[in-house]
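Chain IDs A, B, C, D and E follow the sequence of writing; residue 1 opens each chain.
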Amino acid sequence: MSTVFGMLAAFLLVFAAILLGGSPVAYINLQGGLIVVLGTFAVTAISFRLQEMISLPGNIWNLLRHGQRDPNEEAIKVLKIAVEARKHNDILMLERLLPRLKDTPFLMQAMQLVVDGTQADEIEQIMRREASTASSRHMRAVDFLRRAGDVAPAMGLIGTLIGLVRMLGNLDNPAEIGPSMAVALLTTLYGAILAHLVFIPLAAKTEHCTEEEGLVNNLYAMGATSIRRKENPRRLEMLLNTILPPAKRVTFFKS
Amino acid sequence: MSTVFGMLAAFLLVFAAILLGGSPVAYINLQGGLIVVLGTFAVTAISFRLQEMISLPGNIWNLLRHGQRDPNEEAIKVLKIAVEARKHNDILMLERLLPRLKDTPFLMQAMQLVVDGTQADEIEQIMRREASTASSRHMRAVDFLRRAGDVAPAMGLIGTLIGLVRMLGNLDNPAEIGPSMAVALLTTLYGAILAHLVFIPLAAKTEHCTEEEGLVNNLYAMGATSIRRKENPRRLEMLLNTILPPAKRVTFFKS
Amino acid sequence: MSTVFGMLAAFLLVFAAILLGGSPVAYINLQGGLIVVLGTFAVTAISFRLQEMISLPGNIWNLLRHGQRDPNEEAIKVLKIAVEARKHNDILMLERLLPRLKDTPFLMQAMQLVVDGTQADEIEQIMRREASTASSRHMRAVDFLRRAGDVAPAMGLIGTLIGLVRMLGNLDNPAEIGPSMAVALLTTLYGAILAHLVFIPLAAKTEHCTEEEGLVNNLYAMGATSIRRKENPRRLEMLLNTILPPAKRVTFFKS
Amino acid sequence: MSTVFGMLAAFLLVFAAILLGGSPVAYINLQGGLIVVLGTFAVTAISFRLQEMISLPGNIWNLLRHGQRDPNEEAIKVLKIAVEARKHNDILMLERLLPRLKDTPFLMQAMQLVVDGTQADEIEQIMRREASTASSRHMRAVDFLRRAGDVAPAMGLIGTLIGLVRMLGNLDNPAEIGPSMAVALLTTLYGAILAHLVFIPLAAKTEHCTEEEGLVNNLYAMGATSIRRKENPRRLEMLLNTILPPAKRVTFFKS
Amino acid sequence: MSTVFGMLAAFLLVFAAILLGGSPVAYINLQGGLIVVLGTFAVTAISFRLQEMISLPGNIWNLLRHGQRDPNEEAIKVLKIAVEARKHNDILMLERLLPRLKDTPFLMQAMQLVVDGTQADEIEQIMRREASTASSRHMRAVDFLRRAGDVAPAMGLIGTLIGLVRMLGNLDNPAEIGPSMAVALLTTLYGAILAHLVFIPLAAKTEHCTEEEGLVNNLYAMGATSIRRKENPRRLEMLLNTILPPAKRVTFFKS
């Protein structure tokens, strides 16, 4: 949430700063924008696979939407399901629960395996593989965003140098020096905005989310395995607390 | 203490430098200030949760006020309480001591648990969780301050580039070149001041305080547990010395 | 693939930016280009052996062509060969398979050793040495590219400083100031392009490829050894999965 | 030694460069100097305690004067004392030796404990605590110098920006542009000199000295303990060699 | 070899760039050169001992001349000596071999110890101490070169700032602005050349050589010890292969 608002607010501030000074047209330079934006993607593409790049925006969006869960709350959600499953003593009854888990596809997938009667060991193995796949995909996204954050200012500098050389070759007409140099500086501005308002903060956010998501997915897998084994939910609480950081431990059952 | 004085002194020096050159009005640019200050917060907000950001100033203030305790002095304070508790052989008498511990809320909370008759193991567990929660909250504050220290100069640069482009587009009136460029440079100045006089030194201070606070909180928890167990204070001294750095060890009892 | 296209696209973008501004002749400066390109190689040569530098382009090219294999697909390819070898129960029949492996010289070499009747232990030893040699050669290539990515902008700066000093010594003719400074800036432009469009992205790509290639070569060696030992391919699958990252594990045989 | 001469030589070179160009008065700007010097201390003070900062110059001076001992020579000095102590077989005779050790206060303190008849274990404990206290105090000094080396150029930049804004606001009088900009650049010059000629090299030196001093203090403590235990000096030689780096081992006794 | 040629080529390129632009006299500024070169040494001397600095050029030269040996070739050379020593079964016959080892002083010293009849354990101890002394001396040289590579551009910047302040104070004579600024920029040019063409590449080279030399010296010591013990050379081959990287292992004897 704060990610989207933060980025919107930052862009609005930049636009406001531009508008307050008069005509915003002077800040639009399609050619310069293309050099920086396309150049950043082309150069970053040198170090990544096409396939990785295409699936990137979707991955980041998913992560930002789902990744910000409080491990404590999710542990309690898992414990509630475990308690319900134990009360009815009927795993198939969990099936009715599945639609409620739409917001947490990873937990839904794990519970679906429980409903299907998959063995506990296999559930653990499958879910761990899924979590690891997701995590390594997200870390590649972080790498990509970091690289792009390095490349964008470099492309801005290259664009500005091209513009400066052009301007310096046509000093005969003094009236054009100012506007030419303004255009040359625009690519540096675009590169700085792309890097500092988009790529670098998104990389920091994505990395933090990936760590949290890994922990939460681990909780889900533990919960599903424990439910499949029909263990006492109190034991599950103990297990979950072993992987939760001290600040996030749960005390669902009164001792 | 030196944190507040240092920051005040640094700001006074900058103001003095401005005043000595004549009118300080030339250095005030509300628009530029808003871009840098709000922009820094907006961009930093992309990588953090709103909730984390709101509780931040309070956390930092608390840490700076309480975090600068000398581990050696605190260990002696704990030993004094232990000796008193043993002399009267009456845990309830500790209750009268509690108001004196107002300055050290963590120690007060631990002693309250002792007074309440909580089991020693549970006291240790509760206090360790509290300490870990505080420490991870403070490390997030350090991360935030570091990020803000990176973002502020970037926002200053973006503001200056916007101002330069505007100035270069209006070179017709030579009388305005100087003042326009002065205004453009102001955001760079604001960004540098924010980063180097506020965020970066506060991050270094907060990190150092967090480390020290963790050690001191550990001493408090050890002391409360030992008092609850009615152990000999000499044994507590030995225990405290195992976690104190050699330079801070205590020799409260003559051997 | 995306490496070549990315680099082409980036260069096309830079050329387009130059062409759109008029005559591209102003951007060609043979002398400046030689200083940056030859200077970068000369300075990088100080830290590397001539022999290492000559074999470098070939190594990088080979790596980029062969290094981008999906470990999962390669594991399946190895398992298919193992199944075929077991079906015919005749190692010599593998000989007919060799020409099909031309694309994967490392696997071909391993299978050739199997066909030659080399002992399994020796195959493992030889292939591990080959893999290690390739890997350390590639890491030196990464070191080289990184160094070159540091040196190129430095040479660009040195070229620009030389040009600026020359220009400043001949300020008498104002008509020449602009073009002289344009020429001086060209070496900075060349250095930035070399570093950010060629060396730095290639270094990142080569490093990533080297890691992946090491894993895949390990799979090949494991496969060849297992085939030589006439082990059950199911056992080979298990072995391969122990070194594959969770996200890339194979399930070739239905259990 | 080379520390003081190096710093003197560097400052003389800078002064010579200034003098050769004419009047040195143009390089003196009290206001700018105060901003950079006081500003650096104020900002650094934000991250350190006042108490740490006051004791800093004395600590660094002591370290530079005493810290540069050759571990090999000091080991031999310790062995000589051990031999003498054994020859006379009279620990009290060591008392006459103490005044000779004025240059090495740490060794003198250790020998004083021996003369006082303190138990060997206690000598070891006391000296280890002293060494650890000194070492952690010195590492804080290194931290301080590094921080100051980061802050000084930042304060120089802030001073220059303040000066530039002032100059740009008064472009009406072209005769003043040059001198105003010269004054503005002075703070950058002061910041660069402070950081590169004072803080950064002192930090590197102090860190190296702290490491060496730790080793030498360890030798002293080992020697005093061994003398107190009336051990054979040959055994002490063996012990000292276990902590000396191979390049610095002693062979005091012919085997 | 490529070190000397690389550095020569880089300097020739810079000289060519200067010459092509006209008179090279404009690029010579004794005063600026002295500030940068002497200043770099003075500032670096603050962090190092005089003694270390004097022996530095000799150390680096020796290392560059001797350090670039192929571990594989050296292992074979050691094995050849071992075979010869075993054939004649007469250690004294090795004495005739010594003059042939002039190029490898470390190996010659080790073989001299064998000829002198020193015990194997003692040979190992002496040679290990020698190797460690050489290695730590070389790492200090690497530290020195790195520091110098940091200091040189800083001295260049300080020189340029001094020149700029001087120029800005004398703007009355516009004809002198250009040449004065050219002179001011020269120290930046000198600093960049010193750092990027000399210190930084030499540091990278010296570090790589030190690592390789350590391995080769280890091989020599192992060989001499084994010859002294009259072990079977096949056993020596095995031992050498345990410390050689896989890519450099020897197979001297057909199995």
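The rule is short, and it goes like this: a contact is a pair of C-beta atoms (placed from the backbone, for glycine too) under 8 Å apart; a residue touches a chain by one contact, two chains touch by 3 or more.
Please read all numbers here as calculations on a predicted model, not as lab measurements.
K.L.:
Using the contact definition given at the top, which chains are in touch with both chain B and chain D?
P.N.:
A chain counts here if it touches both chain B and chain D, and no chain qualifies.
K.L.:
Which chains does chain A share as contact partners with chain E?
P.N.:
Touching chain A as well as chain E, we find C.
K.L.:
Chain C and chain D share one sequence, so how far apart are they rotationally when you fit their Cα atoms? Give it in degrees, rounded to a multiple of 5.
P.N.:
About 145 degrees of rotation relates the two copies.
K.L.:
Nearest whole angstrom, what separates the Cα centre of chain A from the Cα centre of chain C?
P.N.:
Their C-alpha centroids are separated by 29 Å.
K.L.:
Using the average of all C-alpha atoms in each chain as its centre, how far is it in Å between chain B and chain C?
P.N.:
So the centroids are 47 Å from each other.
K.L.:
Identify all positions of chain D at which a residue touches two or more other chains, and write them in rising order.
P.N.:
In chain D, nothing touches at least two other chains.
K.L.:
Which category does the touching pattern between chains fall into here: line, ring, star, complete, or other?
P.N.:
ring
K.L.:
How would you write out the ring, from chain D onward through chain E?
P.N.:
D, E, C, A, B
K.L.:
How about chain C: which of its residues touch chain E in the complex?
P.N.:
Going through chain C, the ones touching chain E are 31, 34-35, 38-39, 42-50, 53, 128-129, 132-133, 136-137, 147, 150-151, 154-155, 157-159, 161-171.
K.L.:
Taking the complex as given, what residues does chain C use to touch chain A?
P.N.:
1-3, 5-7, 9-10, 13-14, 16-18, 20-22, 26-27, 68, 175, 177-179, 181-182, 185-186, 188-189, 192-193, 195-197, 200-202, 204-205, 208, 245-247, 249
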